[in-house]
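Following this message is one structure expressed as structure tokens.
Should a chain be cited, it is by its letter among A, B and C, assigned in written order, with residues numbered from 1 in that chain.
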Amino acid sequence: MTRYITRKVAEAIVTLLGLSLVVFSAVHLTGDPVRMLLPVRIDAPPEVYDQLKAELGLDRPFMIQYLNFMRNLLTKGDFGRSVRSQKEARHLLMERIPATIQLAAAGLFLSFVIGVPAGILSAVKRDSLADKIGKAVAIFGLAAPQFWVAIMAVILFGAYLQWLPVYGAGGFTNLILPASVLALGPLAAMMRLGRSSMLDILDSEFIKFARVKGLRESIVIWKHGARNAVIPLMTFAGLTLAALMNGSIVVEQVFAWPGLGRMMIEGVIQRDMPLVQATVLVSGFFYVTTALIVDIMYGFADPRIRDTN
Amino acid sequence: MNNDTLLEVRDLQTHFFTRTGVVKAVDGVSFDLNRGETLGIVGESGSGKSMTALSLMRLVPEPGGRTVGGSIMFDGEDLLLKGRDEMSDIRGRDICMILQDPMTSLNPVLSIGDQLIETFRPDGREAAKSLWDRGVELLRKVRIPAADIRMRAYPHQMSGGMRQRVVGAIAISRSPKLLIADEPTTSLDATIQLQYLRLLKDIQEQTGAAIIFITHDFGIVARMCDRVAVMYGGKIVEIADVSELFYNPKHPYTEALLGSVPDLEEDVDWLTSISGQPPQLDNMPPGCSFEPRCPYAFERCTEEYPREFTISDKHLASCWRLDDAGC
Amino acid sequence: MTTLAEEGAPSRGISALIEQTRELRVPWIPTTVIIVLVILAVFAPVLAPHDPKVGSLLDARTAPFQTWEYPLGTDFTGKDILSRLIYGARTSAFISMFALAAGVVVGTVLGLISGYAGKWVDTIIMRIADATMGFPSILLAMIIVAIVGQGLLPIILAVAVSTWPRIARMIRGEVLSVKDQDYVTLSKIAGVSPSVIIWRHVFPNVLNTLMVITSLSVAGVILTEASLSFLGLGLPPGDPAWGIMVAEGRQSLVRMWWISLFPGLIITIVVMAFNFFGDWLRDTLDPKLRRVR
């Protein structure tokens, strides 16, 4: 198990380093950052230009610049400055991260904690009314674009019914709509996968044997069935996470949620590259870390994984 | 029912309701089983032998399958009248079963000890320390070396033969009065097969359990069983003591299975196969279900299912040829 | 399950068979939706009653189902919603087709190479595929848009990048199962060059899989394209794209709900149609792929 975890952590670190390199080079390709810092005086004298360039360390070779950037990032948490606002990206990030984590955690909770058991129950009560409703929800959830569902939710619950707030972060009620919309797609996927996975498991010999042993049906289903049904779902956890992050960018936009996603879009549209770089790196970090946790949980859930190293 | 009788099955009917019609998987099966006795049930796949076993366990696959008639008197009580939880209590404690593929009967994500001990606690309450020792004891009983270490192992860490022993240990963990073994050795090679059969015999001697042994292998029947029932098309077509059946088979299907029938019409290798297909259980002819494949068939066989003829006290068979023999 | 199926109780077996015969029939609703979509895309200029980009201010803010002139209403500047939807089909089909084609070509080529070459080539390609597949596609698209700038090409590129890994993975899996067949081994012994073996022997064998995985990818491609358009990362505002139209409705959600409602509804229906169609194709052509997705 320790070896398994070590390997997964190492993989995560390599992925993050790779990401930072890709993003850093991407930012480099987008144009001259010095010119961007001198937006007003385009005809700035060459001395000023060169001085600024040297000040920013941009006259040095690419790899040195990258290593410098990484050193500042890792030792001081320094992401550089936003081109537009001239504020340190670090501070801008800190303002946004809590809201994003709040939203993503709620979405993750809803899609796994509700989606998976719902899929399992759907399989257990196959062809029942609940199963049919579940199927319809899954078909809709997989097809409807999130941004549209978000807008429809705003119209219906915010404007017409006026049940829930639809603008910005705040109390718990502010979270309900964005989190539900965010979770819809992943929830549908989890329900569908959970159902088919559980159906496979219910057909297996060890479930039959568990019944033969005289175990109560609830134990057969939850202890023997569900645990096995969840394992293949974990391989989809990465994709689900990706879907959640996609969704949170969109959902933050619609619900004016003050998170990283909106900052990222603002950055892209304003071509504020240091800011884009910072948000992408932080999102990537969250993504890789969560995926790592899921991987480790996977190892705990399935004894066979632990031994295959 | 006298005191020696453990199980009395009468006119058991298990049907499957499909979109194309009703499949009579078990169609009026009756037999008795004494305490400590071993009964073999023999037949081709599709004859209804496994479904008979599952019907006894009340584990007919749902939806679709249902036991629709008959009675299963077990120790004086009709299992078909038991509720879901009552039946759960009976399973494992009074009746247990070893499934066709013991290799895959263990849950891959639970430790051996967990799966062994939970049998004592079928309601899911936490197991006490003493149960752990009982588990170790059971593993020793089925001759698993280093039993206390094995308790913490997972199925994938054990050999196939070892897993089968674990399944055996679980099946006998609560000393059931009846053990059903559904072709437990088909997936094994010959030596392990022998070992396993010996283990089952041992278990029987230690616990005094009655065994229903489902197989298509007469060699195993000869080695293991006291009596044998031959199933065809969801019905028992012949039942007798093992030696009686071997030396004096009365039903042409039994003859065919035993390979003792002379080749009458075509050049068919009766030893390995019987010409024709097993009957379609959802489309049964009105007469004898074996008639289309039977070398002796005559007109009456196509019209009416043969009644059960008594050849001797414990030897029954359903074939119209016996009518002329004056049984 | 084998026990039960063999054991004179083919309930699942028989019903599965019926299910299959039923599945063999073309699902006519999704197919119709797809055909209509193609017709709209191809004949948009003929079919659309109005110019999608120019509205008549006099008719602005017409609610839907009021006049025959504007059956689905108009937006703030009097542009006809129906016409914009029809042209939106064209935009969506255009972007999806090119993005899908790019993704399929890249995915197939890399999948073939990865599966056939094996060893470190395989490891590298699959690692990149996994990383890309796991990485949020909108994040990727944003990086691309940030580099290249907004427009048609970046959006196609962005969608293609999010499409190829899955295709490469599937194709690679197929290649692995084909490559040890006798005829491939024989060709190798005969000294046929790898590219010829791949093209003549391996590729034809993965065609079924390719068709299935392509059809299953369409829905995702359409959704990604729409999301990017919605976020303003695609075509310029005002252009007829479904995602953009939904975004435009946000200016007056309450009083002019129809601007957002219809394009979103269309996307949902089209994506559903492709999902069902893809499922059907998979079940028909390649039942062993049942678990994919």
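Rule of thumb we're sticking to: contacts are C-beta pairs under 8 Å (C-beta built on N, C-alpha and C of every residue); 3 or more make two chains touch, one makes a residue touch a chain.
The structure displayed is predicted, hence computed values, not measured ones.
With contact taken as defined at the outset, subunit B and subunit C are each touched by A.
The interface with the greater number of C-beta contacts, when A-C is set against A-B, is A-C. Centre-to-centre separation of subunit A and subunit B, using mean CA positions: 53 Å. Per-chain Cα centroids separate subunit A from subunit C by 22 Å.
In subunit B, the residues that touch at least two other chains are 99-101. Chain contact summary for the complex, subunit A toward subunit C: residues 15, 18, 22-23, 26-27, 29-30, 139-140, 142-149, 151-152, 154-155, 159-160, 196, 203, 238-239, 241-243, 245-246, 249-250, 253-254, 264-265, 267-269, 271, 273, 276, 280, 283-284, 287, 291.
Residues 126-127, 204-206, 208-219, 223-224, 227-228, 231, 301-304, 307 of subunit A touch subunit B in their complex.
Those residues of subunit C whose C-beta lies close enough to touch subunit A in the complex are 1, 131, 133-139, 142-143, 145-147, 219, 223, 226-227, 230-233, 243, 246-247, 249-250, 253-254, 257, 260-261, 263-265, 267-269, 271-272, 275, 291. In the complex of the two chains, the subunit B residues touching subunit A come out as 57, 59, 63, 84-85, 88-93, 96-97, 99-101, 104-111, 118-119, 122-124, 154, 156-157, 167, 170-171.
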